[in-house]
């Protein structure tokens, strides 16, 4: 506790933006169905789809002091990722912090706790994925850390990892894997375009994926 | 496990559409306050109101193989209803499956588990009621069954039962009862139109429903 | 049980409206971070921001008889606040009751249980904060009380207290404190306008709030 | 609602007792991994292992009137199974009802709601599986039904089905299947005795079940 | 926040002890089914049955400083009652605090948060009712209050109110009502002794309570 | 997926045993209040206190194949730690697996899912910390991995880390830190012995920890 790591490495902007375009479900598949945060993480408004480099925050329950510290560490394209050190639903973050974060180019917040001023945040277009919306305020009394490895909503996140978030939830991609995952995601997207067309034309998945033989072998009975 | 029932009986289209028009709350009242699925079943977007014949799926946790099998059994006007064999929040269903289901005239999905690609599903107008939105993928390794009786989100559903779903949740109507329930629902709607007018004009429910005498008899005290 | 208090005192309309304008997060801060209901209380649609005088209802589980009784006690500008006597998710309230409540000038409902007909309520512009949306109906068989002190979603509410509700949740302000809280809320709003401008211009919270010295004293290390 | 079915068929006592001996996990496996109630159903004390014929109760939330009605329907060896018509945690059942049920030979209670007087019930040796322990009382104001089909904690239960319950939870066996399930359960028990011995002697499951080839074929890599 | 009320009134010891003897379910009934804390409050070990005067603590999430302050306010026969100002599961209390509280005659702890060292507390015979057992530690950085009115687990508690707790949960009795409630509880106990005997002899509740006529009138059908 | 790491490093036996003796709450404090798994992890019986080296399992939902694979990797003194790849409550583990694991010297299981046969496991003295007890069976159809880094119940665990578990929950100690943490834990134990004595003699924490000055400075008011 009480450490701020100032220099973190980030993935290339083009890779990050490519991952945002692919979206959470595709990225998650592309990296072998790993990296998802818990489904309790929900967006405060629908339609946002972002990716960015994680600036991580480990904060005590009910204490948002470290958010102020973390904002100084933000670079354009970053995403704040906050994990409380024990389960908490307090509203660590509201419109003033969002104004400050946006002024530094922050793309959004992922917080395994609460957020408030959601009407303002929605109007500002600052997306947040959280486990709660709650007006409950916090104090500034105890240290936490910034840019240390954390576990957020069940997923391990290191500073500089790529966070992808949309209406389906939040996924983390290890910085070192980001380029490979993007390639796989784009390959999936290409393949899926064809599938979409064939399925839309009425072809069955049973045929498209050649499942009938294996189902019969497993003993599926039609009656 | 491992059975697909191919021929199921369905209620008449006009009855099904009448139930959709009445909506979940009215249908639920009309059949004596039975048939509701748990309130954990929420729509991925607001405003949809559908009814259709249940094509049921019993699927293992984290395995969506049977969804592909079920889609072949769909007829126009059907609704997929999936219950996992143990609690699961994985995203069994996404945009590719929705395209395939829509190509066969499917009106929506009711799933006591997770769904993903919700932005796409919303754009396509394919409504889903689920207990979670979660990008978590599934495998295709173990058999389940299609068109067998299931318990979905606390309600017993048989294939061919009528599923009614809207912003208030999901209700199942036994196929054999559908016509009677529709009549009762329409009778309620007629009565409610009058009530709406009288209540809107300022008449109190206490008077409209003649409750004052019974309340006094029960001992209600005004102080 | 079985008591209806008919004459309750209310705060002045101008104070109530001022609190509505300030919103939940600001009011909650202004009164020392107290008075919030649980974050499980969510609005049925986004964008509403109301305040009103609490007409309280203590109701048995699955029994909405007292809602009818309470509606007679409503004056223009009131908010219904219902706490079941044990945890319940049933839909105590729907469009008929909303029509009746609106006819008496009711501004909304706060209910630590379920609500239904949410599509209609949304269309009517009658806001509800609840812990569930559920079509499940209720009976009218057992007495409760109206305008007695209750605990609703974890907060103590007395009849005539001011209820403030918006997308961030619900807050209760003691009637006797309402004027003072409004003054503090307005003071906060004035201060926050300046902060918003400075933070938007890129000034850091660390500097704006003068936090650096205390953080260093506490031992925060930059590495 | 409002129906009491007086004559129900029950499985043979020897079959029921055999199922009790096998226990929940074995019975559940023996019938193809079906019939389990939700894991939220927990025993009020450990060590009980029972089976009996279901006398079912469908009761309104917070109203235990039908429990009194059901007790008259009990025969020696029965188990009460109560499902509320909507989610409820109230304490429907306490020591007085247990005394009455025991006087009629009832073996226990399975209730998807609350129970109270658990210290007394424990002292009396009357086992209960419930989703809550809660002193909250109930009323006797609204009818339900006895010995009708219900869904209890996610499982469909018909009157006369065999209920098996122990520290692992609760399982329902269709009356018509009870004999076959017992045979399969006993066959499993015989096989498991051997497995127990071999595993205890240090033989690995990988070898005992011959899994190595299939794991290699699937691509498992040892590094 | 930041207030310690030093002189609180307490009920008479004989009344408190009488309430302990009656137990939670009986006391709760005796005062009209009010005053129960949420069923999420569970004892760390079974068999304890206590009553005592509430010394209340309002504490920030994750901060147990006020527990130390409260212990100084304890008199023999008191019960500590802690409500965090927002939901928290941290372990505010462990064996050192229990030793200190016992040294002052404290009878137990009711905490809508976590507790730890439960093996030691069990060995010491210091009963705790909590919503979680969790080793997570707390800080001592922010003020709360002692002996102010709080809402704990859904129930309003004032300092000096009588807390009754056993395996069925926790109930609060207003200090001013304690004597009356005790009389009613004892009256119930007397009546219940007779009922116990008659029910144990096989008499049905339907007859003992004379329910048959009303059930028939309500329309209950035996088939 | 599909990887088994065969050689992992473990901490020294004496260190592991020392950590077991200290227990979860002390170890957690000694390492700066980090490393706790979620409080949803509860023991199947009270009184066990263990420590061991983690053999980790990443398993698909509802599939316990990898448990068999992991058992071969166990050495005396190890603890199995299983995290499903998505939330699951199925009973992955029962008495046969426990017999097999005990035959290899395994000290217990930590599983963020379900366990069954808990009566047998209790009789055998094989302790398990789990989020559910559930008889629901699993399949053996899909690969997972053994001895890879996992996140289990919110904590990052690497193979060979030291797991400490008792009635307060479960804590993980990084292998490299184990010796240091043990020293700090033992230092705490020494200090706490003195505190225990002084607090037991009636000294207040306010005085023992010298808190009065700081509380006054913060503005605590005694009234």
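Labels A, B, C, D, E and F are assigned to the chains in the order they are written; within every chain, residues are numbered from 1.
Criterion: a contact is a pair of C-beta atoms (placed from the backbone, for glycine too) under 8 Å apart; a residue touches a chain by one contact, two chains touch by 3 or more.
As the structure is a computational prediction, the values presented were derived from the model and not from experiment.
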Key: Third chains touching both chain F and chain D   = B, E
Request  = Return the chains common to the contact lists of chain B and chain C.
outcome  = A, D
Shared interface numbering between chain E and chain C [over half = same, under half = different] = same
Request  = Fit chain C to chain F on CA atoms, both being copies of the same sequence, and give the resulting rotation angle in degrees, nearest 5.
outcome  = 180
Request  = Express in whole angstrom the distance between the two chain centres, defined as the mean CA positions of chain A and chain B.
outcome  = 31
Query = Going by the touch rule set out above, which residues of chain E reach two or more other chains?
reply = 33, 36, 39, 85-87, 89, 134, 136
Ask   = Can you list every touching chain pair?
value = A-B, A-C, A-E, A-F, B-C, B-D, B-F, C-D, C-E, D-E, D-F, E-F
Task = In the complex, go through chain E and note every residue touching chain F.
result = 2-6, 45, 65, 68-69, 71-72, 89, 91, 94-97, 99-100, 102-104, 114, 116-119, 122, 132-137, 140, 143
Request  = Can you check the complex and tell me which residues of chain F touch chain B?
outcome  = 60-63, 85-90, 134, 136, 139, 141-142
Message = Touching residues of chain C toward chain E in the complex: what are they?
response = 1, 32-34, 36, 38-39, 85-87, 149, 151, 154-156
Request  = Would you mind writing out the residues of chain D in touch with chain F in their complex?
outcome  = 23-25, 28-29, 33, 36, 39, 42, 46-47, 49, 166-169, 171, 192, 195-196, 199-202, 204-206, 209, 211, 215, 218-223
